[in-house]
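Each of the two complexes below includes subunit A, the first together with subunit B, the second together with subunit C.
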Partner chain A sequence: MNSAGNNSVPRAGSALPWALVTPALGWTLLFFVLPFIAMGFSSLTAHEGGGFTLSNYSQFFTNPSYWQAMVNSLEVTAIVTVVSVLLAYPFAWILAEQVPERWQRLALMLAVLPFWTSYVVRSYSWLLVLAQNGVINRALTGSGLITEPLQLANTRLAAATGFVHFFVMLLTLTIFANLKQLSPSYRKAAADLGAGPVRTFLHVILPLTLPGIMVGAFLTFVLCIGDYITPQILGGNNELLMPQLVMMQIGRRGDFPLASALSIILMAVVTVAYLACARWLKIERA
Partner chain B sequence: MRRIIRVASWLYALAVYGFIFLPVVVLVLFSLQATSFPIPPFTGPSLRWYDAVLSDVRLTSALVNSLLVASISSATAVTLGFLSAWGFARFVLPGSGLLRGLITLPLTVSYLIIGMGLLVLFNWAGVPKSLLAAGIGHVVINLPLCFAIIYSQMGDHQINIERAARDLGASEWKVLLLITVPVMAPAIFAGFFLSMTFSWDEFVISFLLTRFDTTLPVEIWNLLRSGLNPKTNAVGSLVFAVSIVLVVLFELTLLRRRKT
Partner chain C sequence: MSVKSGNPLCILKRHLHAACAATALLLGAGNLAEAADLNALIWCDHSDPALLQPFEEANNVKVNVKEFEGTGAGLAIVEQSQPGDWDVMVIDSIDVPRGVEKGLFEPLPEDKLPFADLFPQVKMDGSTVVGGKRYGITEKFGYNTIGFNKTKVDPADMQSLASLTSDKYKGKVAIYDYYLPVIGMAALAIGKKTAELTEADLPALKDELLKMKANAKLVGEVTASQTALATGEVDILVGGGEWVTAGLAKENPALDFSIPKEGAVLWSQSLAMFKDSKNKDMALKFIQYIMSPEGQARLATSSCYWGMPANTKAALTDDQKKVLRFDEQPGFLARAQAYPAPNADLDKKMQDMWTEMLQAK
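== the complex of A and B ==
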């Protein structure tokens, strides 16, 4: 039925392009956008009775334990992001600058190998290390440094350690890529103008890689604040983070409306962080 | 000065490698433990816990479920991703930028929230919890990834080959199957393997959307209730091994692409 023309690319009016893109768009609308709308509606209904209410949102602001979960989440995420960047940057720099070129690919692949273990298993592995009778406590008591085992598991420190482990690998990847993209002529120019290695780093390399660091830090922030597994396995239930609070509403009480409202609040916080980050990056580039 | 930097670099890199590998080494080492607790002192090596894993029907069926969900959802994601990438790259569509944005949007939302949304929707629509429901969620998270990878690899070079095929009289579907798919094979494989690893590892969506038949990460999660257990170490080490195989396959397809 197509009129045979010379044009080898069919016109936009034909049905074919739409036949190609509709399945993917339909899937996204049906299983991503629609669920989000359903969650929005759910968050505005009462758990008992189902009438319209704003109480799921107001509870968040009036119930101090809900509020506290958000504060905990923001604190842990901030600590994890800063520590991960500080650990990963020098490591990525060493891989990019000190390791001979032909070993770099292997060194990088090794550095991120545990990144690919299952998330649940990785958190469990840290439990083995940090438990009451785990590797660290056994080593410390065995060497006589301490007599009583330290409480390492089920603490904020344990959750943060598990997170930092994951994000150091992620950030090493992104910062390494960033450093490799820098042209060597920057370094040569700085050296020709008389700057030593330290000054070159502080005034040339670091500022040039800062936008990349910000992108990595933002990624860390988003993934960290939305994660349920690490805080649940390593942090325990002494101190709740937002994802744990959300899951608790579903698991214990089947309270979908409240869980929906808390999820939407969490997403709103991430969106604000995204906008702030995007704005900062724009200022930086201008 | 240079010498000091060199030595400090080596020490620092070793310390970070140590930190990165410490939990993995502990996991694998104590999966070979002979006694019932995966804590020092090491009493192995013994394969007893691997035996226990492989004879545990719940774990082996969860493993089969995981492979099934991962391969089917990845195949679906890569098919939808490829078709839409081809559509957007080859034809001028109204609102193209916006629609492409829509397809990649799920990348910016955490898995927990995607899973929550589907749970609320399915609950409301009366769709029961099942592996199918979890698989649908896995397509949601992997479709944008496959789309982005394949779309970024569609260049002018391929357009010319396709144009030649059309001028020689091939129909659109023939061009798609005989020209575009083979030319794009590395990107398609990359999307597929990456989706496989993500689906294979995914926990929260499967946890929310399945009930009795479930995937391996959820079954491992259930094992954690019994505390530290060498059996968990053994199944964890096996999962790690599968992930490594997937990653190596992924690396190889990437390398092959670079050479061609």
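== the complex of A and C ==
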């Protein structure tokens, strides 16, 4: 009896984790792996007449306009990520360190309030703020600081502003969570060893919150480089980013093979970014 | 029995059976509903309830619509669907042959549709008739030309495409983000016929496009370019026309369009019926309704965008006719040129040229 029981326990024990993990694996297989394989096949197919081809990939490297879209995407994403981190960190720090504990929940809720509105609506709202007759230009011309309205809307600056508004909120959450996890004893120990507030921040707090920053920065990178809506609404198509280039292939011509190849190249860039972050932060050991 | 029913696995099994039965009922109901429905792949102007409701009520049918933009995207939806899922489709008139090549469309019965009432120039037989059979009927048309705010620009300047690249309007221009009509306008500006464009014309067309871009503040899709003109962000829309200005006429009567001396590009959209439609009688009724004087008036003044009805007998009010400049159409049509209809290779090259223009600093 005991022996039978002992035999059955390990079998049940080994099956249970698989049973629990199967839905997630099935989901990933169905909605990520299989579509990805399909996209891979599509990217190696000629748009006209079918058949195997590498031309969808070679076009990216030989057509300067396509290549420029990637450069634009990387530039915009880099600017947005850096600016968002620089704005979010002090914001998160004030929330975590300066706002009394009982007000923190409310302050955090207010900080993420813009998340509650639609992404598209938020982008169009920025267009109204930045437009020639928008709030900013009216304020500047009304106060006499400028005589002619500035071109703020339909520029890279506008697209970056829309992005930063969104990602500062996201980064604030990740950095705030990281700051709250830090034990006060780190600061006390640093003070005991004679470190002032600046030195404590630079040598203790900042390195310890780096994982939070990097996780937020990576999320910002991934979401920003793949976003179509914000540059489309706010950028005024005065330059193309990769998602816009991908969409362009589909609209009239229905060139899914080229769109697939461009998407896979974009995904490869995201993968490189992930590998760089993972190695630096040693996320795999966490 | 009681032991069985108390077993959690059996309870789960029983619930699953019940769920399956409910799902089967729902699916059955869905199939029944499907049989009485009409499934239409459409542009946004067909989703206006003011257009669909009278047809639905008169025929006791539900019109299920799916909007798409761009023929490629529309045909992709069809390819990903089961044969018979769709009954009718709205398509660029010049792209009707693409659907015919794929074996998607059913020839239309000419004797049951009001072809005699259509403006002759918009029948587009070159595209809508393939192999001697008619597969599409033009339902709405208009012009990709110059849309402008007449209180901000000199209307006399808008009679020439040269104004679009002049320093006088630098930074006051938006370009509609669709390569074919704007390349057509560039062709008109350099004195080329839109129907005769070849690869050899691309360098000159690119120069013209780059000049337009240098003057432009933005290149925007429908909503963005319309908003830019309506809010005063720009004063001129290259590629604009009645489809931008007419719908906004009440709120902003200063918006207008011109057909410059070089001409304008004629756009037109057609209705086609799917060969595999399970509801061809209703599909034909729908096309007949859209082409009727009442349907044409409702389609022409759809909340999404206005445009000229293809049927000369459209039941428009005098005010609506005035806004659409209905009575001026014979003159406009005489000066309008065909929408560029490149073959696949030239189409790709034109789109790449457009990409290059967008990336130009």
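Just so it is clear, the second predicted complex is superposed on the first by the 252 of 286 C-alpha atoms of A that agree within 3 Å, B and C clash if a C-alpha of one lies under 4 Å from a C-alpha of the other, contacts with A are read in each partner's own complex, and residues count from 1 in each chain.
In this text, a residue touches a chain if its C-beta (ideal position, glycine included) is under 8 Å from a C-beta of that chain, and two chains touch if they have at least 3 such contacts.
The model shown is predicted, which means the values in this text are computed figures rather than measured ones.
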item: Clash or fit, subunit B versus subunit C on superposed subunit A; value: clash
item: Partner chain(s) touched by A:Leu127 [first = subunit B, second = subunit C, both, neither]; value: both
item: Touched partner set for A:Val222, first subunit B, second subunit C, both or neither; value: first
item: Which superposed partner A:Leu25 touches (first subunit B, second subunit C, both, neither); value: first
item: First, second, both or neither for A:Gly236, with subunit B first and subunit C second; value: second
item: Which partner reaches more residues of subunit A (counting touched residues only), subunit B or subunit C; value: B
item: A:Leu113 touches, of subunit B and subunit C: first, second, both or neither?; value: first
item: Touched partner set for A:Arg253, first subunit B, second subunit C, both or neither; value: second
item: Subunit B versus subunit C as contact partner of A:Gly144, first or second or both or neither; value: neither
item: Against subunit C, colliding segment of subunit B, chosen among 21-29, 147-155 or 165-173; value: 165-173
item: Subunit B/subunit C common contact set on subunit A; value: 127, 131, 133, 233, 250, 256
item: Residue ranges of subunit A touching subunit C (in the complex, touch as defined); value: 48, 63-66, 68-69, 72, 127, 131-133, 151, 153-154, 232-233, 236-240, 245, 248, 250-256
item: Touching residues on subunit B, where the partner in the complex is subunit A; value: 1-2, 5-6, 9-10, 12-13, 16-17, 19-24, 26-27, 30, 37-40, 80-81, 83-84, 86-88, 90-94, 99, 102-103, 105-106, 108-114, 116-121, 123-124, 136-137, 139-140, 143-144, 147, 163, 166-167, 172, 197, 200-201, 203-204, 208, 216-217, 220-221, 224, 228, 232-233, 236, 239-240, 243-244, 246-247, 251
item: Residues of subunit C defined as touching subunit A within the complex; value: 69-73, 75-76, 171, 177-180, 217-221, 224, 227-228, 231-233, 344-345, 347-348, 351-352, 355-356, 358-359, 361
item: Residue ranges of subunit A in contact with subunit B within the complex; value: 8-10, 12, 16-21, 23-25, 27-29, 31-36, 38-39, 42, 87, 90-91, 94-95, 98-99, 109-111, 113-114, 116-122, 124-129, 131, 133-135, 138-139, 142, 165, 168-169, 196-197, 222-223, 225-229, 233, 243, 246-247, 250, 256, 259-260, 263, 266-267, 270, 274
